[in-house]
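After this come two complexes, each holding subunit A, first together with subunit B and then together with subunit C.
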Partner chain A sequence: MEKSDIYLQRSGTREDVDAELWDDISDLHLDLWRSTWVPMLDHTVRRLQSAAVPRENWPQDLHWDWGKKTDWSRSLLTLQRFAITCGGALQGLTLVNLTKLTARLPSQRGKDLAYIEFVSTAPWNRPEIAGVQQFHGIGINMVRAAIELSRNEGFHGRIGLHSLIQAASFYSGTCGMSALGPDRHYDDLDYFEMTPTQADAFCRPA
Partner chain B sequence: MTLNLTDAEMAALEDLAAKKDLNKTVVIRQALRLYQMVDQRLREGKKVFIEDEMTKAKSELMLL
Partner chain C sequence: MKINVTKEWFRSRAHLEEGHEIGAGSLRHIGKPALHAVPANATADNITFGQTISLMRRKRRWTIDRLATAAEATSDELAEIEANPECVPEPSTVFSLAKVFKLPPKALMQKAGLADAASSHLREDSIRYAACSEFKEPLSADEEHVLQAVLKAMVEHTEA
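Showing the complex of A and B:
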């Protein structure tokens, strides 16, 4: 397993903080997920239940079992995992599929892309769960990791994903991806794609 | 390893590489990923179908 040096931004001060992007999810990462994420997520579930918040309004990933996702995906060549750590804490997890979809944009139709299956950010980086946010930049670094994987696999930076409505502006605005609208084959979630040109623009230093 | 292909197989490989904007090595790697994924699904007791978008008719993809 290899790691790359990346930066996150501390909330409030916006200072850059050294972090690590790992090209797999290790047993240590899973231990951190179980010991630090799961208790906060379980607490959130109890809070939502007692407040009678409709289940369709809950954060979708509250029940994602990263242990099962990691175990199942480890033997499959098509699935690539990433983890982000900072200060010894687990900040984000992602699973990318290299054969799930081909591109739908007319200019790219039928060409291979890296599809982001699952992205989770640590509960303390999510105001809707923790009330505050420690770090920014997990999503951007995960998108960049998927682009880099796409390039390394010969897909020229093409990526795709389905997004919850609350994250749509991040993918279209911050990431500059093309919105292709709700996907009736995928719970009507909005589908987004990034072309090689958009990937170059996204990765270009500011 | 050396991969020996017939003319027809090589033509199919080159056609896919051109259509998909991939080099031939990547096409082979994608084929292996897909084959492994389908095999895994079948081992788990799942079925893999091809569905006609218009008629919704399904045909089962068989792997022996």
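Showing the complex of A and C:
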């Protein structure tokens, strides 16, 4: 497992802090997920239940089991896992699939891409759960990792993903990806793609 | 795999993420499942592999988790198989499902698009007919009829 030095930004003060991007999800990362994320997510579920918030209004990924997702991905050579840590805490997890989909944008149709199967950030980095973010920058680092993986595979930076509803503005606005609209095969989630040109632009300083 | 992220790049981009939720991926286990029921005009030829598995599972009144345990697969993988008509399953999973449902592995492999199909247009037709529905519903009489026709067709194809 290799580590890359990256940065996160402390929300509020916008102070840059050193962080690590790992090119796998280790058992230690899963232990951190179980011991720190899951209790907070369980608490969120109980809070939403007691407040009688309709389930369709809950954060959409509260039920995700990263233990199962990781176990599943370990049996498939075409899946690449990433984890981000900072200060000894697990800040984000991602699963990227290199063979699941091909590009749908007319200019790229049928070409290989790196498909981001799942992305989650720690509950304390989510305004929807914690109210405020402790760190931000996890999303752009994960997208950058997927682009670099795509380039390594000869896919020229092409990536694709189905965005959770609450995250769509991040992929279109912050990342500059193309929105292809709701996908009826994926719970009507909005599908986004990034072309090689868009990837090059994203990897340059804004 | 190492990536080279400069502080300059990060600083120019990071603030744009502030206040945003980050997340991507399938929702298969909450809300409206995007699993596929059988359309009214389904036949043994145009039903997809995923729909076949869904019918077999629902006939037993099993959850996806229970089938995952029986087939030694993951719930995510099976949810994907049932929901996505373009999903190409792992051969080992198809063999496990054939064993669980006591179906001819070769016929199920063909249904899954992992072996030479009798006719390539069948898979295209199957994808065209895929549609969303709730996944816990018991089989209707029409669905039961289609399932029996699929099973008969698979057995006959294997014996031929």
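By our rule, the second predicted complex is superposed on the first by the 205 of 206 C-alpha atoms of A that agree within 3 Å, B and C clash if a C-alpha of one lies under 4 Å from a C-alpha of the other, contacts with A are read in each partner's own complex, and residues count from 1 in each chain.
By definition in this document, contacts are C-beta pairs under 8 Å (C-beta built on N, C-alpha and C of every residue); 3 or more make two chains touch, one makes a residue touch a chain.
Owing to the predicted nature of the structure, the values given are computational and were not obtained by experimental measurement.
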*Label the relationship between subunit B and subunit C on subunit A in the superposed model as either fit or clash.*
clash
*Give the label of whichever partner, subunit B or subunit C, reaches more residues of subunit A.*
C
*Which holds for A:23: it touches subunit B only (first), subunit C only (second), both, or neither?*
second
*Have a look at where A:76 lands relative to subunit B and subunit C in the superposition and call it first, second, both or neither.*
both
*Based on the superposed arrangement, let me know which partner A:140 touches: subunit B (first), subunit C (second), both, or neither?*
second
_According to the stated criteria, A:127 is in contact with first (subunit B), second (subunit C), both, or neither; which is it?_
second
*Would you check which partner chain A:68 touches, where first means subunit B only, second means subunit C only, and both and neither mean what they say?*
second
_According to the stated criteria, A:7 is in contact with first (subunit B), second (subunit C), both, or neither; which is it?_
second
*Would you check which partner chain A:154 touches, where first means subunit B only, second means subunit C only, and both and neither mean what they say?*
first
*Determine, under the contact definition given at the top, whether A:46 touches first (subunit B), second (subunit C), both, or neither.*
neither
*asked:* Quick check on the output: what are the common subunit A residues between the subunit B footprint and the subunit C footprint?
replied: 75-76
*Note which residues of subunit A are touching subunit B in the complex, please.*
75-78, 98-99, 102, 110-112, 153-156
*subunit A-facing residues of subunit B, complex*: 19-23, 25-26, 29-30, 32-34, 36-37, 40
*Please give the residue numbers of subunit C that touch subunit A in the complex, ascending.*
1-34, 74-77, 83-86, 90, 130, 132
*Where on subunit A does subunit C make contact in their complex?*
2-9, 11, 14, 16, 21, 23, 55-56, 58-64, 68-69, 71-72, 75-76, 80, 92, 95, 116-121, 125-128, 133, 136-142, 144-145, 148-149, 152, 161-164, 166-167, 169-171, 173-174, 184-189, 202-206
